[in-house]
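I've put the structures underneath this note.
Look for subunit A in each of the two complexes below; its partner is subunit B in the first and subunit C in the second.
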Partner chain A sequence: MRALSTTRVLLIVLAVAVVAAFLPFWFSGYILGLLTLAYYFGVFAMAWDLLFGFAGEVNFGPTFLIGTGAYTAGILDNLYQPPIAVCLVAGALAAVAGGVILALPALRVRGPYFGLTTLVAVLMLQNFIVVDASLTGGEIGLTVPDVISVSDATNYEIALWFMAASAAILFSLSRSPVGLILQASGQDAVQAGALGFNVTKHKLAAFIISAFFSGLAGGLLIFYLGSASVGTLVDITVGVQIIIAAVLGGRRTILGAVLGAVFLIAMSEALRPLGDLSNFVVSALALVVVLLFPSGLLGLLTRSRETV
Partner chain B sequence: MLFWQILIDGFAISSLYALGAMGFALIFGVSGVLNLSHGALMVAAVVAAWAAGNDLHVGPYVGAALGVFVGFAASLITYFLIVRPLQQSRKIREEEREIFILTATLLWGIMIQELIAYLYTNNAKTVAPIVEGVVSLAGVRTPSNEIFTAVVCWLAIGLLWLLVNRTRAGKAVLAASMNPRGVTLLGVELSQVYIVIWAIYGVLAGIAGVLLGMFLGVSSYSVGPLTASAFSIVVLGGLGSVSGALIAAYVVGYLETLTAYLISPAYRTIPALLLLVIVIYVSPRGLLGRR
Partner chain C sequence: MADARLDVAGLTKRYGGLVAVKEMSLRVEAGKILGLIGPNGSGKSTVMKLIMGIERPDAGSVRVGGTDVAGWPSHKIARLGVGIVFQHSRPLHRQTVLENIKLALLPDRLTRLLADPETDARARAIAARVGLSEVADRYPSTLAFAHLRKIEIAKAIARDPQVLLIDEPFAGLTMTETSAFSDLICELRDDGRAVLLVDHNVKSVARMVDRVLAMYVGERIAEGTADEVMRDETVRRVYLGGSLETAARPESTFRDGTTPFLDVRNVGVQYGKAQALDGVSIHVHAGEFVSVVGLNGAGKTTLFNAISGLLPYSGEIRREGQPLRGRSAARIARDGIVQCSEGRDLFTGMSVRENLDLGGQHLPPADSGRQIEWLFGLFPILRERQRQAAGTLSGGEQQMLTIARALMMKPKLLILDEPTLGLAPVILEQISKALERLRQTTPISVLLGEQNVTFALPHADRVYVLEHARIVWEGEPERFAAEAGTGYL
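Coming up: the complex of A and B.
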């Protein structure tokens, strides 16, 4: 992966996306629905990878940003029914505001302490949503009156191109000088600062970018699903899935996160006949990958190509 | 009346929290590992004790002992299967080891949780208590089991103190928590110390789990909240400080009990979380933290 130039990787992404764009001709609506979900999950995982892999922030609360964006968009739509685009922008902006709030402790505390703060942020958001049921729908969930489209194929294409665009932007960013500075400040903030880089500014930027994509993807997801609920967007288990997807795909690769997300959703679907045991098997598989192939799926692929 | 009730209930809950979080703090203090499968290990101990009573029809003492043994065994399995390979892996960069251990123990916890849900369903399980009946304490009708819980917790904490301060293996553990490199220079094998602390941790988690099972009952859904409460108690007390965890357990336990009695049980966890955020913000090292 390192050997390939940024332009070449972007071309590969474009080629894969174009091929994937033809999938609706062959596959049923059900499979397209799964892939749609996987693509949004991929964006969540990529946004998380930018924050963890590059900025080095142990963020247990990706769902805080996603939930903030999704619920802002959903509540706005529920109350006033403005055009969907307005809801999405509002959601993304709210997520960015959430990202700044989350970044404040990150600039002060590090490692597990920051990890816990993000965990607390998720729990607080969850409590707020459950307690303030008249506005948010509480535990039952919030019904969103508008959907982007009822056609599986259209929804699929939107998710695909949104994911591809996010991947291109986030990947280019990670390869840019900004990405390098982020990586440096993630590994040794003091040294990066001593070299004259503004660590605070860059970390804040990483949080804002990560939050923007998380919130936008969260908003798009609820307009696809037609509802928002704590169980699908905010719960810690959702955050865990996102982290697993990113680690499975290969950290610090951005693109691996999409691979991980698709793999995770495909696996849990393929193992559905096992019933209640399927979650067990998926976790076990993920654990095996983490233990034996720490560089993730993308790491495996690129290594085998190097040896050939 | 209400005052005494809060005092007594809060004490029992806090003692349980303290016992549950202590092993967790010990492991972090000595080896820097945050074990996110903590809740799952506790639930495994409870379910073992419950299943022994329900399916094998053994007495409460045997059931409790079996539960503690399962906690102990599960803890050692966690160490040898998950934590040790990651600690020794050469494929992982030093600065990333932490997130790998976090992810792997989290996955391991989910596996245990799912397996329990599969084998024994998601229903809440209450372990048959060792002591039954109700006594009147300062005018409050208190289940004897609640007193028993607090007594056993403090006995276990006392034994841990003796073990750490009075035995050779315990002193090695204490020294390793202060300076791991220094201990190896003195000829103590660090991996031996790790095995000792994981064994102690397993027994503590097992006891805490079984007591919790008798006191409140647990289900496989309790895994996440149990891990989260241990995590927050340990951070509040200061990561790595066992005595800090003890104090923090009482702060959190009483705060939760007060909220539950005076405001509403629905808001039970919120003030503790708020306090945690404030403490992290003002003093990132917690109350008595060293790392």
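Coming up: the complex of A and C.
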């Protein structure tokens, strides 16, 4: 059993992305729209896997980071209409700042408390959005005056290449020396400390990177959808979907998270005729995969390749 | 006196009411090996963790090359030149041996996205040095136990530490592996490092150490050359006990002769690659008190866990002739085989009374009350402490509560795993008296696992000696000192 080299994996990612780039020639705007959504969710899930799979910290509040990024970008656009790029950068930075404020105290507590802290952070953000309705649009949602593009194909390409770039960066990071230290810190913090690594520093860095990509993707998503609401971006159930996507795709693989996200969105679309039952079936399917194949979809794929 | 690389003075650590380490002092010079020995629970591992910064000391100083590092986080202490070899190896399993070693060579920087090209060569050199060259590109899960231990050494020496702490270097190794390992440790000493070896007994480290320091219940009891320490009166008393008084009942007096209450036959247990139990057969008659004596790591806890249904095993375990395999651990306990584990497992946030009530959950309230009254007679101190949270009790009181809670389940067989762990002699006496009353006034069978022979023998009807996963001796306690006592230090 020999893992593929980082370069080869990156080439495969590039090849898949190039193929995917030609999809707009065959598929309708509706399908492209779904895939666009799936790609952004893929980035959320990859950013989450960096924390869970490598740093060993379960972040129950991925939507805290996403929501902070999206709402910051959206509100800024509403108030001052700077170029969209400025809004996006501001959103990503806000997510990083929010992440640091959350992680600094949370990383000091051990065990399940880190997860609980992140969960509470989501609820606080949710309440803030609902209460401060004049700024955030409250329960109705936030509408932004600008969108990146009205073309389905353009939006699709942006999401695709953003996702591919994020995947390349996050994956390379996970295979780099820093990723190795991070993995050691996540698996055995005592030993990592005894080897001379400042575990808190490395985990905080992972959190910052995770927050940056989550916030940036959140911002891009709001300028794609043209609006944001608690239900689509911040709610706990959205966070749970992201976690399921990452675990479904394969823990500690980074790239598997994208597979998981595409799979989840494709499934719920395919099962749409079932009506309300479709959510249940998708969840049940996800549960079966997680229970029977803990290494996830990517684990399944690579295993079958190895036996050949 | 030469300058000490590692100089520890007045080191103290408390956990709640328990003093784990009390004003320890030790020095190790460059190019010397100090053996730190003591029975299980004596605080030797805590001393090591305090030096490494994994635990924070409550008082005292730890000087590494002159700098006091007491209270520093462990990554800073590591960077100052202290390395540790953990007893349990937990390598990264998705990385090769070489990558595991490279990890230890990486600088603690976030900006290092590409490894130094020299790292590879350095990692290979270290692998060669500890004898891992041939397996450097394999994954840890495919390797033998001795190799996994070598990975730990390789990681510990990667940063070229001047002080090396090694926890139980030979646990789980065969004779040949042990000698190869000790040669390696001696080489590391010859490089001019100060080495602290932590182990249970003098014998295992005597060949390599320059000096030995013996600990018991958190305090130093002797220091000197290996020979001096082995001859030391206090050390002998701690390990072997003084003169033994025994009161064994001959095995023929138990009526269930051919189908004893508990019959363990040819049981083997494997932890990954390490053989924890190998063809162990023991039996306990109804009402009998049987002691299993063995040093830490011999396999006592594994044996008890197998009996309690907590571990998969080969061979057979029967209770009153019926095989126990396939019954859940909860079923086995409810049916009357109750284990007091080494870790005590009390609900520390609950009061003494609540812990006892929980043990008597399945009894009718009247029965439960009567049982508690009887237990308060057995352990009077618990009556006074009823309302106190279990976590605030002293170590001895916690042990009594553990035994009492197990007795609330009205066991037919009580398994006690190292009840003396870390307890002072005066407390041992109280527990000892309670066990004697238990033996004389109740029909409960007892299976006691101990490394403290003084405690294990007086009440025992029969004794087994467990060594390196096998039963090496069985007999009456009065024959123990003559036949099995030597070679126990």
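Just so we're on the same page, the second predicted complex is superposed on the first by the 306 of 308 C-alpha atoms of A that agree within 3 Å, B and C clash if a C-alpha of one lies under 4 Å from a C-alpha of the other, contacts with A are read in each partner's own complex, and residues count from 1 in each chain.
Definition applied: a contact is a pair of C-beta atoms (placed from the backbone, for glycine too) under 8 Å apart; a residue touches a chain by one contact, two chains touch by 3 or more.
Note that the coordinates shown come from a computational prediction; the quantities given were computed from them, not determined experimentally.
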Room on subunit A for both subunit B and subunit C (clash or fit): clash
Chain touching more of subunit A, residue-wise (subunit B, subunit C): B
Touching partner for A:A270 - first (subunit B), second (subunit C), both, neither: neither
First (subunit B), second (subunit C), both or neither touched by A:V199: second
Touched partner set for A:I140, first subunit B, second subunit C, both or neither: neither
Touching partner for A:P177 - first (subunit B), second (subunit C), both, neither: second
First (subunit B), second (subunit C), both or neither touched by A:Q187: both
Contact residues of subunit A, present in both the subunit B and the subunit C interface: 187
Subunit B-touching residues of subunit A, taken from the complex the two chains share: 52, 56, 58, 105, 108-113, 115-117, 119-120, 123-124, 127, 131, 187, 236-237, 240, 243-244, 247, 251, 276-277, 279-280, 283-284, 286-287, 290-291, 294-295
Subunit B residues within the subunit A interface of the complex: 34, 82, 85-86, 89, 91-92, 95-96, 98-100, 102-104, 106-108, 110-111, 114-115, 117-118, 224, 228, 231-232, 235, 239, 266-267, 269-270, 273, 276-277, 280-281, 284
Interface residues, subunit C side, partner subunit A - complex: 52-54, 73-75, 78-79, 83-84, 86, 90, 92, 94-95, 99, 102-104, 106, 108, 110, 112-115, 139, 155, 158-159
Subunit A residues within the subunit C interface of the complex: 1, 3, 172-173, 176-178, 180-181, 183-184, 187-188, 190-199, 201-202, 205, 252
